[in-house]
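Chain naming follows the written order as A, B, C and D, and within any one chain the residues start at number 1.
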Amino acid sequence: MTTRSEQNPIRVGVLGARGRMGAEVCRAVEAAGDMEVVAMVDSGDWMFDIADAGAEVVVDFTHPDVVMDNLRFCIDQDIRSVVGTSGFDEAKLATVAQWLEPKPELGVLIAPNFALGAVLSMRFAQLAAKYYDTVEIIELHHNRKADAPSGTAAHTARLIAKARTEANLGEIPDATTSDPTGARGGQVDDIRIHSVRLGGLVAHQEVLFGGEGETLTIRHDSLDRKSFMPGVLHGVRAILDHQGLVVGLENLLDL
Amino acid sequence: MTTRSEQNPIRVGVLGARGRMGAEVCRAVEAAGDMEVVAMVDSGDWMFDIADAGAEVVVDFTHPDVVMDNLRFCIDQDIRSVVGTSGFDEAKLATVAQWLEPKPELGVLIAPNFALGAVLSMRFAQLAAKYYDTVEIIELHHNRKADAPSGTAAHTARLIAKARTEANLGEIPDATTSDPTGARGGQVDDIRIHSVRLGGLVAHQEVLFGGEGETLTIRHDSLDRKSFMPGVLHGVRAILDHQGLVVGLENLLDL
Amino acid sequence: MTTRSEQNPIRVGVLGARGRMGAEVCRAVEAAGDMEVVAMVDSGDWMFDIADAGAEVVVDFTHPDVVMDNLRFCIDQDIRSVVGTSGFDEAKLATVAQWLEPKPELGVLIAPNFALGAVLSMRFAQLAAKYYDTVEIIELHHNRKADAPSGTAAHTARLIAKARTEANLGEIPDATTSDPTGARGGQVDDIRIHSVRLGGLVAHQEVLFGGEGETLTIRHDSLDRKSFMPGVLHGVRAILDHQGLVVGLENLLDL
Amino acid sequence: MTTRSEQNPIRVGVLGARGRMGAEVCRAVEAAGDMEVVAMVDSGDWMFDIADAGAEVVVDFTHPDVVMDNLRFCIDQDIRSVVGTSGFDEAKLATVAQWLEPKPELGVLIAPNFALGAVLSMRFAQLAAKYYDTVEIIELHHNRKADAPSGTAAHTARLIAKARTEANLGEIPDATTSDPTGARGGQVDDIRIHSVRLGGLVAHQEVLFGGEGETLTIRHDSLDRKSFMPGVLHGVRAILDHQGLVVGLENLLDL
């Protein structure tokens, strides 16, 4: 990875700079020794500020309704992007990839979760999957969360299921014959997920693997939105050296 | 509690002495300094051996089909009982209580779970219940278990629900509006239970309480049927000083 | 416990009202349906405001240097106190008790920890202690904490040690013969304490009990100073019906 | 990896076949569909049985005093080895490597821990190390264990320290200024290790990583020596396709 210094910092523009995540990004970039905020833009502001300020990388925590316009603009202006805004489906990703075709040197990172621990958890779950007959996921969040299971749990389940299929593991053995209340939880791609909702919690996930006489547990606890910042900064540094569309921070980690 | 010594040990008869639990009971009683096995009886053996041997307390890990006959016999012979055999409903318990009426000095303990940690967990859950708005149970067992949720989890849920009602706590607040896969688990008396089944596990339970900015977790891990023995020995010692029918080991613990 | 209503709320004065804890107390009292803030006092303010406003209970999160003067004033004015300020030793507690002698109807609560989960954890640890041969404590805090072990862990160790002594349990069996690096941790009253310091943590504690084939774990996670508020409110309500000096919130809980 | 079938099973010889681990290996090999035990040898038996029986791979759980002779014999006879016997230092490993020089096609696996979960834990700890400022290890074992910390914890600490050095991470930030009882535990290569000893436990380890507002925990629970068998079988299968000396099962896993 290109390393930069205080003398020659990476020039970062922040979109959604007055939102909770955007404000946190501004603080984190300023606190890092090898990058600086050169433009802070939010709704109502002039997008060209980003280009005028000479931003090399834009960090986008805005809204699904505007993120595609932002990306179009940045790509046109030859600015790299690190995007944490949600709502990307296959169609949108394909559109972005198409926009990038005439600019093979330009990198764009779109990631659903920037917490390093969440990304590492998913990666380790993927790596461990083929070595265990049985696996289940417990995700625990505060009781104000409206949906179950969490997006990260569902995504983890899909990654595990894919790894099991590739290793020809077959169905998870389960002797349950009586479950009148549905205590065995939900399933995503045949992987059981248990969603706990409790006051006092923030965002937590355990992936439990079970084998002969042993278990392996990978647990991630996220207590603060600050937890996303190291991942964002890593994305900013890494995207300078990457070409094309990268989906998921795990692809920029050396695992 | 009456304390006894090696010089004057408690005389114990074991019913179901050749079963896995019964054999473990025989070993545990012999290893204790203050009691001894005076009779070991299993199916096909002569029940009067128990009386002839002068047993003061009988430990019964047999079968639902024979346990009532065993109890009838012991009560007739003025022998106290510590019963771990399953299958007691309200009707059977009422019958035992009736048999005990003419013998007010005689004690009988019937308990669904002799693991001290399980009993303490349930008691602590009951005590904590009124101080927390939210509570859920996770029980984790090996994947050869046929039923979900576990009996202990269901019993714990009922105890918590009762304590909440007595404290006028109302319904557990839960913002879940979307749960297409059933990931939020089952409910017993409105308490959520999540049943995890995994190779390598034995028998484990967590009760999670959530309040303002904090959580309290009570976890019990049972790795071996030896874990029931301290509770059985405690029951043997304590029942000597108790009159009448006692249901649940927790009533003989000083909590 | 006396219950009060919105029509007839408990009148609460807050000392140290502009401090972080005091401000949180003001918010919590106002949010509760059965009490109201009638006076907010901080350094530089006029203490008689508390009396003039007709406060029934004062909550004191101030400083060890001023808390004794505050208590003297409140007792003179027949106002009950709930004190979270630190620094009370045996001598100070004896002084407060003496001040209370001529006012037998007046209650004062002084507590080192108002988090319900911490208080319940300590109580449960005390209750479980006599049933287990082995016990150790793990406390986990952020890596900005200067001292190890935590005060709560040391206090928990002392409570467990006392319960073991009362139950004639003797020394904890430990086969360790080689520990060149000190990995077995520290000891308070012969109870092992392990102090983990890690970025991302807040304040957490586990008490682990081990017996034959089973373990019992009592875990408390405190993520926010909000976690002290339910304990403070409980103290306010309960102290109305208590006479004399009460040290420790556990004495006002029904356990 | 070469896959073999019931028609053409891998021919396995077991050294130390009457020991607890060896007997478990015999059962595990027989239960696997793609290999069979062709010779069982223990002290007093004739080593040439292994060769006469046409063993392709030998599994050695014997004793540090005899394992070098066993290896010498197997290498001379062109038999591959999977070794779980302990006591290998740099000098012994160098000797084995030298013996293998004239036989470039022959593979030997020597591993300190065959539990897949332990091996995966160590590998994941190594991978995660460079992404976190702070890390500590808690290892928990039954209270009959004589030494602290455990060999696996010490080995894990060394792997983490090495990964930190390679990533130029510097010293772990720690604000502890007062630790009169040694509660902060031991250190191996500057990584803190906490050794818990408790009745009822078997062998457990947690590696805790802490970052900005989040933690990542990798936990391994080993409840039965059966937990080593999948790793042994994996080693038998994988060593068929490997040349030379392999130290550590992790080098034969696809991570």
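By our rule, a contact is a pair of C-beta atoms (placed from the backbone, for glycine too) under 8 Å apart; a residue touches a chain by one contact, two chains touch by 3 or more.
Here the structure is a predicted model, which is why all the values come from computation and not from measurement.
Enquirer: Starting at subunit A, how many touch steps does it take at minimum to reach subunit D?
Expert: When the steps are counted carefully, the minimum from subunit A to subunit D is 1.
Enquirer: Matching residue numbers in more than half of the contact pairs is the bar here; say which of B-D, A-D or C-D clears it relative to A-B.
Expert: Selected pair, repeating A-B: C-D.
Enquirer: Which chain lies the greatest distance away from subunit B when centres are computed from Cα atoms alone?
Expert: A
Enquirer: Subunit C to subunit D: how many Å between their CA centres?
Expert: Each chain reduced to its C-alpha mean, subunit C and subunit D end up 46 Å apart.
Enquirer: I'd like to verify one number: the distance from the centre of subunit A to the centre of subunit C, where each centre is the average of its C-alpha atoms, in whole angstrom.
Expert: Comparing mean C-alpha positions, subunit C is 40 Å from subunit A.
Enquirer: Report the inter-chain centroid distance for subunit B and subunit C in whole angstrom, where each centroid is the mean of the CA atoms.
Expert: 34
Enquirer: By residue number and range, which residues of subunit B touch two or more other chains?
Expert: Those would be 132, 200, 209, 211-215, 221, 223, 227.
Enquirer: Using the touch definition up top, name the residues of subunit A that touch subunit D in the complex.
Expert: Contact set of subunit A toward subunit D: 115-118, 120-121, 123-124, 127-128, 130-132, 209, 211-227, 229-230, 253-255.
Enquirer: List the residues on subunit D that touch subunit B in their complex, please.
Expert: 200, 202, 221, 223-224, 227
Enquirer: Going by the contact rule set out above, which residues of subunit B touch subunit A in the complex?
Expert: Against subunit A, the touching part of subunit B is residues 132-136, 138, 140, 143-149, 153, 172-188, 192-201, 208-215.
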